[in-house]
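One chain, chain A, appears in both complexes that follow, with chain B as partner in the first and chain C in the second.
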Partner chain A sequence: MSAPLLEIDDLVVSFTTRRGRIQAVRGVTLQVHPGETLGVVGESGSGKSVTMQAVMGVVDSPGAVESGDIRWRGKSLLASAVEAEDLRGRDIVMVFQDAMTSLDPLFPIGTQIGEVLARHRGLKGPAARARILELLELVGIPNAAARLNYLPHQFSGGMRQRIMIAMALAADPSLLVADEPTTALDVTIQAQIVDLLIELRDRLGLAIVLVTHDLGLVAELCDRVAVMYAGRIVEVADVWSLFAAPAHPYTAGLLRATPAIGDLPERLDTIEGSPPDPSDLPAGCAFRLRCPRADATCVVEPPMSHPDTGRSVLCWHPEPPPVTTRPETAHV
Partner chain B sequence: MADFILRRLLHGVVVVFGVMTIVFFVTRIIGDPVQVMLPVEATEAQRDLLRGQLGLDRPILEQFLQFAGDTLTFNFGDSLWQRRPAMEIVLQRLPMTALLTAVGIGAAILLSIPLGIIAALRPDGIVDRTTVVASLAGLSMPQFWLGLLLIILFGVKLGWLPTSGARSPAHIVLPAITLALPSLARLAMVVRTAMIDELNRQYIKVVRAKGLKRIRVVGVHALRNASVPILTLSGWEIIGALAGNVVVVESIFAWPGLGLTVIQSIERQDLILLQAVVFTVAVMAVCINIALDIAHRAIDPRVSA
Partner chain C sequence: MSSETHAAPLIEAVGLSVSYPVPRAAFWHRKPAPFRAVEDVSFSIGRGETLGIVGESGSGKSTIGRALLGRVPLSSGRAVFHGRDISNLSGGEMRRMRRHIQAVMQDPYASLNPRMRVADIIAEPLLVHGIASGSEAHARVAELLDLVGLPADAGARHPGTFSGGQRQRIGIARALAMEPAFIVADEPVSALDVSVRAQIVNLFRDLQEKLGVSYLFIAHDLAIVRHVSHRIAVVYAGRIVEMSARDDLYATPIHPYTRALLDAVPVPDPLHRRARQTTIRGELGAIPSAGCRFAPRCPLATEQCRREAPPLVAKAPAHLAACWNA
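And now, the complex of A and B:
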């Protein structure tokens, strides 16, 4: 496999509050390779968005990276803020969840895309204008030339998300981080944005990190999946293995809670209990209080198994692989 | 745009006329100028004669109609006290008040913006805490007391600055500081709050993720979005200074501006002069409000007529 674009190495992100320090991300290690699409899934509060915000250097105050490292093509983003600033918006870009509030309401969209070109490519004037039009056409904004001077509120939510994507692509990035890019949109618009992402990935050879809780979206888009729970990655696998044979009980629970079309059960399965309070995590495995497979061993933190094989799980008692039914050998 | 300004101007005319109506009736209620203008030993006949000369003996409604007509034609009559056109006195004093307000409130606005921004960049940091505490102190101090403290410290004890009159550039320092401090305190608090609000918004995270320089993120994106409340309060501070605070400050420091004129005209029951001053201040307030609206539309293009 080629050298990874992005390496997150034992990253810890914590928020200092009056009640003490709360770790939202507790030692995440993850690689993203050129051209691949990685899904990062988990519940709200699992630390998936915070991990990616740390990559972009936009963790909400009072959060801060406590330890660990984030490297871009082998170079630490945490070591030099100035160098990291040059990479962000150029090589690594992010599209956020809420397109309605992601654009500055007072500046025309053309200006906001132009800022990226001026900052990272030194493009101004007619050359920048031509590139902005090209980008807006790429993401499917009709009649772009007439709308360069429109303000964000003059566009619908779906259009704004397209503009966000155009802005992200302005400086030819290698990695696009999409943080729940379709959550705030209508279902029909969601499908359009997903199609757009797939098209752009195939056309531009982008690597994508898709942060989501939508397993359907993961199945549709991703090559590899990392499942997060309570600030840790509990399972990493390629998308086929993960859906076919989830190893972590949490992943298995998530998949059971997701109905398949044509196979709607009377009642959806749920995962019992609720996510733990990050300021008061249980000792050992954070999932053990909700886990059907937990026993006394789980009070001790489990190790990450097979971290090198591409399939790894953070659990003492992973789910057994499903038994493929074969005709029984007849014993006489 | 021209249509908008025209409508606001018409609106302003109504406001000024309303203010003038109130002033007319209130001043007729509070006292009799003849009592003040003539010595105590003047006879009733002498008083009646003067009343007749001033037109004060006519029915109040007739006086009002006369006054309304005069106001509409910018004819305010002669000051009872100085016996020369009231507007002439006002226009002579106005530049001193304009200068004091420009220096004092101008300094307050210019200082409050960097102060509020620095405080907002690190909420609960040292600059932030200092700004908040100092602002509260500034807000709690009455201007007449603050002015006297400054006189004691810089005029009497240290002897660095003149405390009365307007004979040299140094004379403006103490009155300007006295006028500026409460405004600075209010403005710094508003700049801080508005900037904290904006810096926590989603679009700021997006522009930061674009890799834009911090100065552009804060100074262009956040500040422009925060500037509507800042602008509104700045306008109010200017109007508040012109319409009230200068009266206190100019009295303390004997600054020969409109505020002092107001006090003098009230002491002498000079209704005509008082009306001319109030008219001028009301017109300025209306003009500042129109300027604010125009600036607001320039900052936020979403605002339309």
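And now, the complex of A and C:
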């Protein structure tokens, strides 16, 4: 496998609150390789978004990276703020659930994309205009030339999402981080944006990190999956192994609680209880109070296992070993 | 979920229409036509039955629920409960009707007063309607907490100390306090985490089995609604485009919009990645002044569709669809 684009190494992100310091990310280690689509899955409070915010340098105050490292092509993003600033927005870009996080409501969309081109690629004038039109066409904005002067609110939600993606792609990034990119959209529009992401990945050779709570989206888009719970990665596997035979009891529970639309179990399988309060985590494995496989061992924090299969799982009692089924057409 | 017939309807919508006035762009402009949020919607729900209503934002699905709750005025049509027209009740009559028709909303954070203890939140409707007081109300609260799977000591705490799923249980307990016959549940699980969502869906089903309550269960996609509904109505731009028994809808969807909705739900199985057949283009935009409201996005649309709105008719036994070409 080629050298990773992005390496996250034992990252800890904490928030200082009135109730003391709360660790939202508790030692996350993860790599992203060129051209791959990695899903980062978790529920609210799992630390999935905060991890990627740390990569982008946009952790909300009062949060801060406490320890660990983030490297882009081998160079630390935490060591030099100036260099990191330059990489972010050019080589590593992020799109959000709400397009208005990225788009300024007061400026025409053409101007906003033009700014990215000027800053990161030094493009101006007719060359910039040609590139803007090319980008808008790439993301499927019809009649783009006539709409360069439109303000963001003059577009529908799905179109704004496309414009945000066009702006993210303006400087030819190698990695696109997409944080719940379809969650706020209607299902039929979601499907359109998923199709767009797949097309862009295949055409541009883009690596994508998809941050989501939606296992359906992961199954549809991702090559590899990292499952997060209470600030830690509890399982990493290729998408086929993960869905065929989840190793962590939490992953297994999530999958059972997400029936395919064709399945009709009499009762939905559930995971008992609720995700834990990050300021009040149980000792040892954070999942143990909800876990059907937990016993006395689990009071001690489990180690991350690295079996030869390339899967890792953070559990003393993982589910039985996986049977890898991978279709011949699959790409990794 | 059994599919026995739910003979006498408990609640009916008959030609239900709701429109909102649209303000003029400027005072010299002509007054624009009102926005037809819901138009000519008819259905009935039997005792102990769940009708799922599925539609995207702007489809009018929540307005249908609000109309049955008496929270928006109807521009035409009527809502009938136990054979009685409830669409134009006086304030006092409506308050009495509220005993029987309750709501569970999407956002458990917004619908619970953060300063009240949970026991008081649940007891409030009992006291307001003079149904119970003192120790009687106290006992009823304990019973309700148990019914929705909350610990007995939950009553003494404030909503802020509960997780999203537990708050939704509190909201359900309060709705059940009055022993309603009918509950409008507007996206009650959409804001919940995946691991908790299934718990609440199961709770809705268990309560129906125990109490025989009927639901209008509103959802924005066809995934979760399958697990609670006996019948499902798909709405688009304020009209029902398809309605049938649950299994018929999934096995043999008729309307192109229903098919697109089914196709749009991602399948949680990487071995079944499929090229989407029917990704529909565009978004729910301005409603065309004539013809089928889905025509601008429809892959099957013809001249007739743009001219004339298709009626909702039986295309198969008990399977209604509004489409000229399906």
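Criterion: the second predicted complex is superposed on the first by the 314 of 332 C-alpha atoms of A that agree within 3 Å, B and C clash if a C-alpha of one lies under 4 Å from a C-alpha of the other, contacts with A are read in each partner's own complex, and residues count from 1 in each chain.
By definition in this document, a residue touches a chain if its C-beta (ideal position, glycine included) is under 8 Å from a C-beta of that chain, and two chains touch if they have at least 3 such contacts.
A quick note: this is a predicted structure, and the numbers were derived from the prediction, not measured.
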item	value
Touched partner set for A:D195, first chain B, second chain C, both or neither	second
Larger contact residue set on chain A - chain B or chain C	C
Partner chain in contact with A:T16 - chain B first, chain C second, else both or neither	neither
Partner chain(s) touched by A:T297 [first = chain B, second = chain C, both, neither]	neither
Which superposed partner A:T270 touches (first chain B, second chain C, both, neither)	second
Touching partner for A:S80 - first (chain B), second (chain C), both, neither	neither
Which superposed partner A:A257 touches (first chain B, second chain C, both, neither)	second
Contacts of A:S279 with chain B and chain C, given as first, second, both or neither	neither
Residue ranges of chain A touching chain C (in the complex, touch as defined)	43-44, 156-159, 186-192, 194-195, 213-220, 222, 239-240, 243-244, 253-255, 257-262, 264-265, 267-272, 274-275, 290, 325, 327, 330
Chain A partner contacts - residues on chain C that touch it in the complex	56-57, 163-166, 193-199, 201-202, 205, 220-223, 226-227, 250, 260-273, 276, 279-281, 283-285
Residues of chain B touching chain A in the complex	123, 200-203, 205-213, 216, 221, 224-225, 299-302
In the complex, chain A residues that touch chain B	53, 56-58, 60-61, 85-90, 93-94, 96, 98, 101-107, 115-116, 119-120, 151, 153, 164, 167
